[in-house]
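Chain nomenclature is as follows: A, B, C and D, assigned in order of appearance, with residue numbering initiated at 1 for each chain independently.
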Amino acid sequence: MSLNTFGHLFRVTTWGESHGPALGATVDGCPPGVEISEDAIQHWMDRRRPGQSRFTTQRREADEVRILSGTFEGRTTGTPIQLLIENTDQRSKDYGEIAQTFRPGHADLAYHQKYGLRDYRGGGRSSARETAARVAAGGVARAALGALAPGVRIAGYMVGMGERSVGTVKPDEAENPFRVPDAALVDEWAAYLDGLRKSGESVGATIEVRIEGCPPGLGAPVYGKLDADLAAAMMSINAVKGVEIGEGMAAGRLTGSANADEIVMGEDGPEYLSNHAGGVLGGISTGQNIVVRFAVKPTSSILTPRRSVTLGGEETEVVTKGRHDPCVGIRAVPVAEAMAACVVLDHLLLDRGQTGGVRGIVG
Amino acid sequence: MSLNTFGHLFRVTTWGESHGPALGATVDGCPPGVEISEDAIQHWMDRRRPGQSRFTTQRREADEVRILSGTFEGRTTGTPIQLLIENTDQRSKDYGEIAQTFRPGHADLAYHQKYGLRDYRGGGRSSARETAARVAAGGVARAALGALAPGVRIAGYMVGMGERSVGTVKPDEAENPFRVPDAALVDEWAAYLDGLRKSGESVGATIEVRIEGCPPGLGAPVYGKLDADLAAAMMSINAVKGVEIGEGMAAGRLTGSANADEIVMGEDGPEYLSNHAGGVLGGISTGQNIVVRFAVKPTSSILTPRRSVTLGGEETEVVTKGRHDPCVGIRAVPVAEAMAACVVLDHLLLDRGQTGGVRGIVG
Amino acid sequence: MSLNTFGHLFRVTTWGESHGPALGATVDGCPPGVEISEDAIQHWMDRRRPGQSRFTTQRREADEVRILSGTFEGRTTGTPIQLLIENTDQRSKDYGEIAQTFRPGHADLAYHQKYGLRDYRGGGRSSARETAARVAAGGVARAALGALAPGVRIAGYMVGMGERSVGTVKPDEAENPFRVPDAALVDEWAAYLDGLRKSGESVGATIEVRIEGCPPGLGAPVYGKLDADLAAAMMSINAVKGVEIGEGMAAGRLTGSANADEIVMGEDGPEYLSNHAGGVLGGISTGQNIVVRFAVKPTSSILTPRRSVTLGGEETEVVTKGRHDPCVGIRAVPVAEAMAACVVLDHLLLDRGQTGGVRGIVG
Amino acid sequence: MSLNTFGHLFRVTTWGESHGPALGATVDGCPPGVEISEDAIQHWMDRRRPGQSRFTTQRREADEVRILSGTFEGRTTGTPIQLLIENTDQRSKDYGEIAQTFRPGHADLAYHQKYGLRDYRGGGRSSARETAARVAAGGVARAALGALAPGVRIAGYMVGMGERSVGTVKPDEAENPFRVPDAALVDEWAAYLDGLRKSGESVGATIEVRIEGCPPGLGAPVYGKLDADLAAAMMSINAVKGVEIGEGMAAGRLTGSANADEIVMGEDGPEYLSNHAGGVLGGISTGQNIVVRFAVKPTSSILTPRRSVTLGGEETEVVTKGRHDPCVGIRAVPVAEAMAACVVLDHLLLDRGQTGGVRGIVG
């Protein structure tokens, strides 16, 4: 079952709305004995926290995470871990005027049609603020991966923003406000986004997440394939409209000889000569880098007037003046990393249960 | 849980290998009282059946489906429906020579590494033959949708093959061997694929599935979003490497004003003026057409020699001489339709359970 | 999946330990539009709250429940409801001396063997304190049942305590410290329990829960049978060792003619002349009263010295001096009511999803 | 989710009706590499097969099981195992007269009210024939346990039939038609049941299942407790009305000093001096024998006329002349063993996934 839970054995249930007293994640299934602390989780929270540059929403949330259960003397106990994040900067007045109006491009109308009522304050449950809870849960997943599979490295990058895109990904150059993996591009992207921001516009983005050091054999064919779970995980993030593994949509344009990854014997066993597959074949990790890309649409909260309707059925125009991200893709990076960490840990546990971590030896 | 089951309330478990005695689907959760027959399901099976043109594998499978349980006097009873398809044309000898060799681009090595052993005959469980069971289950889903939501129409098209692509989709022109929705393109595509086929090559494809008439309100935020479930469903199909909803990956390149779908009041309530969202907002159907696209990589079974390794760790070259599809995307169309039917029915039942089919009225 | 979640569509995940900062329940799948308030839930919490008579633990917990999410303007929104209960009276010093010792009859050693470490303070996650979160969730379930199936009435009674047992259940006479449904027995039971309490002893109990007004047709054959789910729900409560439906264990001693419930036509349709079945046949509710009984073992926290071992492998004797219930069965009553409410609501939603609430008419 | 599936990681979905062409079990999640054969499974099928003595139904079913998928060269591959059992002796005419009548004590009316229609032939899905599929699945579970936990022994006994009951269980004396674990009782029980059978009566039974050699640490607190899952498994078997672990319902009548199992240090670690708990504490196996008891009601298919109603609402009397078991408890024994095997294997896999089989050492 899904709804507000994801994962098979490492199960994360997020809860909370944009403007309620708090939000959080209930993490069930974390292995016992993992070293964990609020500080370690906070490290990842801070990467997603708003208000860190002029390119993200000016909402000022401390986003301090508290661990309410599931740990004892600095270690996980195998019981559910409750992660709580208080909402501290809730300017509900910003949203008063749209209580009666459905913002185009947002889920307002869809929620109203589904549930018959909605918490209109800041999008309620459909707000990207929900992703703060994911990042907290991802912090737990990272800690557990650190203990169980210390070779795994997960890093996300913004490889495209609107019409801009990155050539070669330079992982070492991504510590900048955009997490663009090429330091030479930062100034130009800043100018581009400044222009959009000042005109009240927003813009989409393309994010790439790389999972290095993932052991082969993870993934549960055929409906719990590693890539299917990654696709669902990324598509569940607000505003995501497409997901790719390896060659992605481009695979549809290739020939078989161009696409197949040849195999040779390396020192430690089989090695692939290329990675068109993006590290997953038949839904199972191959041991190569797993490469996931996804597109984030531009936020619909813009200053340009857009036509819409009211609860009463009147036509109107909407201009969104709240504090919003001109490019929500920037803050999607740590969220996607968190989701990837959860998926990998989940499949590590699942594989351990299912196969006992059997590994067929070649040679 | 997933593994070999998908769906929340309408739950389909497929089973069976390419070269075992049979394969099938165990369908649990179909509502009672739905008119169903083997003939009705066979109709959809025949769309996927191999050997129908020179463009698909020459394996000759009757693909006759039998209903072993769950129906009585022509109607579903609410109990599990077992759909059985016997394998009749199993030329295992074709595969004998690769028992000891991992085919590059296939899941052979990944399965071996995960499970420590594998049914090498025709790919075993990783064979696209598994999708026959999906189409059978999709036939049940279509029958149930016909009873519960008769306005829903689901149709898939091949909108790209290698470097070729379709301009405007013409739904009425898709009854051709490629299911390309533009009759004017058929001859050219045939020549193109003939050329590839004769040279032992294969090619990728892009498929689009359209779901028309889907009521608003389906989808279970936040981890059972309709688009997240569709993405997982499509990504679980063999050889799929990317999935898009609406604008898809292109959404990352748009600005907010270009992407937002404006809303006006129509005769029956709110209407959208465009459909960049692809019929889903916040993970919930909007009532617009749901548009899903995905890319199928070229099959790796080609005549071009590719480097690989053996079980014993020797390097070798692989040429796949079995009966394979030069463009597996062709037969992915009915599979994707089936998956879409299952997902929509599942969410219809889920929404009925969760909200009672509440619909917030506007105006 | 279970672990710390129960329910199919109405899904309750409890979290928290006896001596952590807080515990609670994450309630997912509650229908939208249900009137709910902290006060309404508190009403049920107060029935379970310790320290209300000399017959329950003297631990003083306010057990105040806060709703952190999932409601808006006094109604549920269809999103997850987080119920938080702070732990306010944690005298951890009571437990210091058993940090190194496994209390016999408790889960201390089992937890240690499973997880390799444990939160020894008050039993941690295995403490009956976890049931406070269940009662809170049950309060939400009761509110939803009130809206969807207002005829449902759920009430629990203590029908046996040690060697004492109730003859005829008198529902109107159960408002007493034992929730024994016969006012004439209260004084005698009080004297009996006082004697046990003063000698540092504890005693078991038998609880009966009656669900009146449950519509026919609930239950999901064959592994989500209503009685199977009720049995699992009750068996999941701390210290429960047996569960019965209707005749229960006595059914094994009956003949077919003595056990069958005959059916006649009443004014509103078929009526049963007896209720040996306890309101469930084939796993489906019949419309009769559902009668569930279960046994709670005596708490193992007693003053009589009992042999045990330490973490270091030394033999020792344990005398438990903490504040414990001489008869934990007393406080199991509201917990069992809560579980029953959750199960009935869950199956109501499940049936609505699965069959649309189809009801076959007779006559 | 349940419905027709049970288990968390070792997931068994049964399908099929009493009088359809076949029934079976789809077993997902069996570890790879387990030696398995149709013969090995048939061994367990034969213990449940009807018509083996005059004390069970005279229906003549071969109950031959076929493995259609999931194995290769005599070993499981980690993919779904389809177990198919054809129905060969379907005398539907026996049931023609009750197509319009609801048999009292059966689920006929409940199914009609839930689904609006039913397969009335032999009870359809509610027939005890469904349990044949469970025994087949249990055979797979036994094979996997043999490989993963060879010390586990699972055996069931009939410890009570009507007013008769067994004193001391003698495991070596249970190879008799009743599986009563005391050879001295067989003749008397035979005479007793003959008397009931000839008078067209039926009688209930009490079954005990013992799981020996189960490692400590299995069970997933708090809603996947080992005993909660066992209770649900047993309660899901047709006609079961009560389930007990260890002291069971009697625990409600004990005092704390009488009930607690003391612990001492044995050669291999902690040992319990008694087993009131029945091998489970806090929902986790302790390493002691797990003792489960349950009651099976008498079948309602008897020759004594019982009042009932027809589909049209007429009152009538029902006499069931089909071929039925005078004591269905006899054939419940292998079914319960199968369920126990599935539950133990499932928790073994789950624990392996969740904790990696961590075991806290004492001493």
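In this text, contacts are C-beta pairs under 8 Å (C-beta built on N, C-alpha and C of every residue); 3 or more make two chains touch, one makes a residue touch a chain.
Since this is a predicted model, take the numbers as computed values, not measurements.
Of the two chain pairs considered here, B-D and C-D, the higher C-beta contact count falls to C-D. For the self-contact between subunit A and subunit D, the two sides draw on mostly identical residue numbers; the shared fraction is above half. Mean C-alpha position of subunit B lies 38 Å from that of subunit D.
Each chain gets one centre point, the mean of its Cα atoms, and the points for subunit A and subunit D are 45 Å apart.
Between subunit C and subunit D the centroid-to-centroid distance comes to 26 Å (mean Cα coordinates, whole Å).
Taken residue by residue, subunit B touches two or more other chains at 1, 3-5, 8-9, 14, 29, 32-33, 78-79, 114-118, 125, 221, 354-355, 358, whereas all remaining positions touch fewer.
Those residues of subunit B whose C-beta lies close enough to touch subunit D in the complex are 1, 3-5, 8-9, 11, 13-17, 20-24, 26, 28-29, 32-33, 66, 68-70, 72, 75, 77-82, 114-119, 124-125. Here subunit D touches subunit C in the complex through residues 1-6, 8, 14, 102, 104-107, 109-118, 125-126, 130, 160-163, 196, 201-206, 216-225, 227-229, 231-236, 238, 241-265, 269-270, 273, 276-278, 281-287, 293, 295-302, 304, 306-315, 329, 351, 354-355, 358-360, 362-363, going by the rule given at the top.
The part of subunit D that touches subunit A in the complex is made up of residues 1, 9, 29, 31-33, 78-79, 148, 221, 349-356, 358.
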